[in-house]
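Each chain carries a letter (A, B, C and D) given by its place in the written order, and its residues are counted from 1.
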Amino acid sequence: MSTVATETRTIGYTAAISEALHQEMARDSNVFVIGEDIGHFGGMFRATEGLLEAFGEKRVIDTPISESGFIGIALGAAMAGKRPVVELMFFDFALVAMDQILNQVAKAQYMTGGMAKVPLVIRTQGGGYKGAAAQHSQMLEALFLHVPGLKVVCPATPADAKGLVAGAIRDNNPVLVVEHKQLYGMKGEVPEGEHVLPLGKAYVRREGTDLTIFTYSYTLHLALQAAEELAASGISAEVVDLQSLNPLDWSTIQASVTKTHRVLIAHESPGRCGVGADLIAQIQERMFDELDAPILRVTGGDIPVPFAQNLEEASLPSVSRIVAQAKACLE
Amino acid sequence: MSTVATETRTIGYTAAISEALHQEMARDSNVFVIGEDIGHFGGMFRATEGLLEAFGEKRVIDTPISESGFIGIALGAAMAGKRPVVELMFFDFALVAMDQILNQVAKAQYMTGGMAKVPLVIRTQGGGYKGAAAQHSQMLEALFLHVPGLKVVCPATPADAKGLVAGAIRDNNPVLVVEHKQLYGMKGEVPEGEHVLPLGKAYVRREGTDLTIFTYSYTLHLALQAAEELAASGISAEVVDLQSLNPLDWSTIQASVTKTHRVLIAHESPGRCGVGADLIAQIQERMFDELDAPILRVTGGDIPVPFAQNLEEASLPSVSRIVAQAKACLE
Amino acid sequence: MATVSKPDTQTEFKLGLYRQMVRLRALEQRLTKLSRDGQLRGSLHLATGQEAVPAGACAALRKDDTFTVTYRGHGYILAKGVDLNLVVAEILGRATGLNKGKGGKMHLTDPSYGLLGANGIVGGGVGTAVGGALASWMDNSDRVSMTVFGDGTLNQGHTHEALNMAALWNLPMIFLCENNLYAEMTPLSRSTKVTDLTQKMAAYGIEAVSVDGNDPLAVYEVMRKAVEKGRKGKGPTFIEAMTYRTCGHYQNDPGTQYRTPAEIAEWEAQAPIARFEKHLGAKLAAELAQINAEEIKVVDAAVDAALAAPAPSIDDLQKDMFV
Amino acid sequence: MATVSKPDTQTEFKLGLYRQMVRLRALEQRLTKLSRDGQLRGSLHLATGQEAVPAGACAALRKDDTFTVTYRGHGYILAKGVDLNLVVAEILGRATGLNKGKGGKMHLTDPSYGLLGANGIVGGGVGTAVGGALASWMDNSDRVSMTVFGDGTLNQGHTHEALNMAALWNLPMIFLCENNLYAEMTPLSRSTKVTDLTQKMAAYGIEAVSVDGNDPLAVYEVMRKAVEKGRKGKGPTFIEAMTYRTCGHYQNDPGTQYRTPAEIAEWEAQAPIARFEKHLGAKLAAELAQINAEEIKVVDAAVDAALAAPAPSIDDLQKDMFV
C-alpha cells in the first residue's frame, strides 16, 4: 500500500475521509457513493462534501430513508462491476438492513464459490458520550465479526481515516469502516497526497513493558491518556491500536503479549460476545503460557446506552476505568 | 417453577412445544401466538398444531411475510398488556427484523426506566446439518447476547423444550427461545402435566472429572456422544448443558470448572465473538487460577454454512472434533 | 379554518387547542435555550410550525387510546396528557424524569397514557402502534391506536409491512403522516416519485385523506372521523397532514441550506399559532395572552424543577433491564 | 394464446419457448426423484405449473441483462442461458458446480449471464437486481435488469424500498411477480387486502400490467415491451404473471392441505406445457416429441455427470471468503 505524500497538514477526521473519497473517485470511475443526504447536502457529518459537484449525480446518489433497499442496490451494482461506497448515517441504523448486510453482502462471495465479486464499502459512525441515547450511540462491530464475510476496520485518527477509507475502497471484498462520532471533531496530521493503508494491520501506539492495552476506535485515545496516567504511577503500559478487527494482525498482537505477559482490552461496545471476549479466547488459545494473569476488560455496559450523562459515562469506558483495570492486571 | 406432572411419556420435541403453548394459552388468556403459517396450517414444523381450533383467530394470528412488521406489532401488543409468542420460522430470518428485535424489543424496558413492560417471546429454530445452505442454517444466538436486553434459552430435549417455552411465556421479560431443526425429529420423555422450567439454569448432563464440556442446543448431543467415546479412552468428561445463555448460571459453571480445571466449549455458531469466546473471557476473569490449560473450543466455521455435505459437516461441530479437542485439552 | 362539530363549548374547545399549541411552542423555546447553553444533551428535533397537528389530533383521542410518535413527537405526548414535569425532567436526564433519565427525549414512554414510545429509528414505532390496535381488537375494545410519522417514513420498509397488516386485519389504526415536505435535508420529490402520499394507500386499501396540517380544527375533524370509524371496528385510516417545520431538522440545522427563503417565508405566513390567533379573533386577545403567559410559566416551572432535580443514581445503572 | 410480434421464425421461436418449458419440467422430475432417493440435500422448491413465465420472460432478455430470482428460480436461470451442467452439479453439491458446491440450489449465481443470484430470503434479491439496473444507468447502457418474486414478497418491506427507488430514479427495471396465489400455505387473501397486485404500484408510479402467466407468448409480449421501454430509459415496469404451482411449496408439501382439489384441478387444466402443445398443434407433434426426448436426455446427462463428479475438496473449505 502506498503513501505518495508530499507532506502532511492538520485537518479534521471528516475532511480526511472526504479527501480519501475524492481521491478514490477521481482514480477509479467505478467508485460511487450512495446514502442519505450525502449529495446535495454534503453529508450529515460533511464527509461527502463536494462530491456531487465534482463527480455528478451518477456517482453521488442521494437516497430515500431505505437502508435495506440501498444496501441491496449497492450489492447489485457491485456484482455488476461497480465499487459502491455506502454511507450509513448511524451504526444503529444497520439494524434495519441486517439481512442485506449479513445474509446477502457478507455471504455472496463465499456461497457463490467466488462467482460473485463484492467490492463494496459501508462507512458508518457509531459510539456514545454525546447523550444520543440507546438508538443512536451503539458500537455494533461485534455483530459483523460474528457473522463471517466482512472485513472490519476502525480508524482512530484523521490520517488513519483517510488511509483506511482509501484502503477499503481498493480492497476487492466487502469492508465495513466504523468511524466514531467523538472522532469527527478531531484534528490531526494527514498526508496530503495519495494515502492508502493496508487492511489487517495493528499498530503499537505507545511502547510499554508491564502490560498491553489492546483497543481501537475512540477508546484508543482514552487508553493513551490512561497510559500517561499509569506512567505517572510507574506503570509502563503498551497501547496497541488493533484498527483492523477482521482480519486481526496476529503478529503484532502476539509480539506485544509475548513482551508484556499481561493484557487489558478496552472497547466501547458491550462485553458479552464482544471483541474483547473474542481476543481473550484467541490469545489464551494461542499463547496461554505467556499469560501471567487473567486478561481483563473495560467495555461498554451490558445495558442499552443510557441518556443521562452520569449514567452514560458510567456505562462506557473512561480513562479512570482503564487505569483501574490496568492496575488490576498487575495484581 | 413448577412441574405438576402426573407422569411422563415419550413424545417429540415439537409436540412438546405444542403442549407448552396449549397449556399456557389455556392458563392465561393474554397469551397469543403470531407468525407465518402457524394458524390454519399448524406451523411449518407443527409446533402450533391445533392452536387455532382451540383458541380461535384472535389468539392465533397468521401473518404475511413481514417479520419486522409482526415483531413490532407483537411489541406493541405486549406493551398494551398482551403476552405475545412470536414464531420466527428460521433463525436466519431474524436478520430482516433486527431493528425491531434489538433496537425496539430488547431496549424497551431499560430505556423507558421500566415504564414499558415487554413480556414477549420469540421462538425460532436454527442450525445446520441438513443441506439448507448459508441462509437457512445459521445459529445466531450470539448476536442476541451481545446487544443487551433479551433472555436467551436453547432447549436441547423435548422435556426442556416444553419447560422452557412455558418458562419463557411466564417470564415478564423478552425471551428468545432458540430451537434447533435437528432436534425437531427427536423424541424423549416429557412430563404430561404442567411443566415449567426456570430460565437461567445450567445442568450437568454427565458427570466427569478430567474436563468439562460446556455446550447447548443440538451440540449437547454430540458432546454426550463424544463423552461416551472419551470414556472408552479412559477420559472422564463432564458435560454441562448451559441451556440459558442469558442469564448464565454461574454457580453451575463455576462448580464444574473448579472440579475439572480443564474446559472445552462446543457450539455450532461461528467462533468469532461467539458464545464460546464469551464464556472463555468470563471464566478466565472469574477463575483464572482454576485453569490448568487453555480453554479450547469446537465451533462452527468462520464461513457461511456451505451446502455440500462434506463441506457442511467439516464446518460444523462433530463428535470426532469434540473428542479430538477434548484430548487436546488434556495435553 | 375548518368548522368543528364539537357540540357546545366551541370556544372552550378551541382555547384548549390553542393552549396545547402554545405550550409546545413555549417548551421548544425553552429547550432551544437549554440546548444552546449546554444544559440539554443530544439532538433536539423541534416541531416549530407544526404545532397544529398534535393539538388537533390528540383532541380526538381518549386517554386509553395507544399511540407512538417520533423524535419530533413531544407535542403529541403533552397533548395526550402525559405530565409535563415528567416529560421535561426526562428530556433533561433527571432521576425524576418520566423514564428515570434513561431514555431521554427520543424514548419518552408512558403506557398509562397509551404512549407506547417515541422513537429514534425512522419507522421504528409504526408496528408498535399497530400492536396497540391489535390488542384493542383482541380485547373487543373500542380503543384506537395512532402512529405519527413523517413523509420520509413511507420509504422505510417496516412502515409498509405495518400498513399492510393493519388493513388486512381491519384494525382500529390511524396512520398520521406529517408531510412537512422534507426528510432531514431531502425534499419529498427526491425521495419518492409519488409525492401525493394519499395515493400510496391504494396499495393497502386504506382510506386516505389529506388535510391542512396547519389548521388544528381541520386536523381535529379528520381525526375525529377516523377515530369514530376505528371505534366502530371499521378499520384503519391514513391522514396526510400537510405542514412545514419552519425550524431546521434539529438544533444544529438552520434549515436554510436546502430550502429557499421564499419557501420558508410562505410557510411562516401560514404558521399555525398566529393563524389560529387570527381565527379566534381580537375579542379573545386577553384570553390568548393569558394562556400564553400561563404556559410559559408552566413550562418554566417544569424546567426549573427539572434543573433542580437530581441526576439518576449510579446505583440504578443496571436496573430496569429485566423485571 | 397471445400472438407474438417476433417477425419471422415464428415457429422456431415458439419451439424455443417450448424447449425451455420441457427442460424445466424434465429437470424437476429428475430432481424430485433424486430428492426422494436421498441424493439431493435440502429443500426443493419446484415451479411445476409455472413453466411459462421463465420461458416467456427470458426470451425477451439479452445475455448481459442482469437478474435475480428466488429459491424457485431455476427455470429462469436455465432459460437465460446458464449452463445446465453447472447448475445441476451445483444443485447436487459437486466440486464441478456453478458455485463449487458451496451455495446449492438456493444460491445459484453467475454474473457472466447477468445472474446476480437466486435467494433464500423472501425479497432478499430485489434490491440486488435494482443495483444491476443502477449500474446500467451509470454506464449509460441499454441493459435492463429483472427481479422475479412471488405474490407474498410484496409483504416484505425491502421490496417496497427497492420499488420506490427504481421508480424515483427511473431505472431500467422489470419487477416480475409470479402471482401463484399462495405464499407457502397462505392464500393471497390472508396476506393482503389488495389482491390485485398491480394496484399496489400506484404507490410508486410504476406502470403495472397483469398477464396470463400460463401463456409463454403472452408473458413474452409484456416482457418484450417492458424490456424495450427499459432499454430506452423509460423506467421500470411491474408485471404480474397470474399462475399456479400445481405442486406443493417444496418437496415435503403435497400442496393439498390448504387448497381444494377443485382449485388444483382447474389450474392443472390450464397447465402451460399441455396448453402450449395444444396451441402448437398436432402438425408439430413429432417436433415436440423430439424436443421432449432431447431435453430428458440432456437433463439425464447433466445429472449423471454431476453424480459422477467429485464432492468439493475439504481443502477448499476456507476458500472464496475473501479475494
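Note that contacts are C-beta pairs under 8 Å (C-beta built on N, C-alpha and C of every residue); 3 or more make two chains touch, one makes a residue touch a chain.
Predicted model only: the values in this text are computed from it and were never measured.
Note on interfaces A-C and A-D: more C-beta pairs are in contact across A-D.
Look at the CA centroids: the one farthest from the centroid of chain A belongs to D. Separating the centre of chain C from that of chain D, both taken as means of CA atoms, is a distance of 46 Å. Computed from the mean C-alpha positions, the centre of chain A lies at a distance of 36 Å from the centre of chain C.
The distance from the centre of chain B to the centre of chain C, with each centre set as the mean of the Cα atoms, comes to 40 Å.
Shown for chain B are the residues that touch two or more other chains, namely 63-64, 66, 68-69, 92-93, 95-96, 99, 103, 107, 110-111, 133-135, 148-149, 301, 303-304, 306-307. Contact of a single residue of chain D with at least two other chains is seen at positions 101-103, 107, 119-121, 124, 155-158, 161, 164, 168, 190-192, 321.
By the touch criterion stated above, chain A contacts chain C in their complex at residues 36-37, 40-41, 44, 62-66, 68-69, 92-93, 95-96, 130-136, 301, 303-304, 306-311, 314-315. Those residues of chain D that touch chain C in the complex are listed here as 155-161, 164, 167-168, 190-194, 199-205. The touching residues of chain B, counted against chain C in their complex, run 32, 58-59, 61, 63-64, 66, 68-82, 99-100, 103-104, 107-117, 148-149, 151, 172-173.
Touching chain A in their complex are the following residues of chain D: 66, 68, 97-103, 107, 109-111, 116-117, 119-121, 124-138, 145, 157-158, 161-162, 164-165, 168-169, 319-323. The touching residues of chain C, when paired with chain A in their complex, are 41-43, 93-95, 101-107, 119-124, 152-153, 155-158, 183-186, 190-192, 257-258, 311-312, 314, 316-318, 321.
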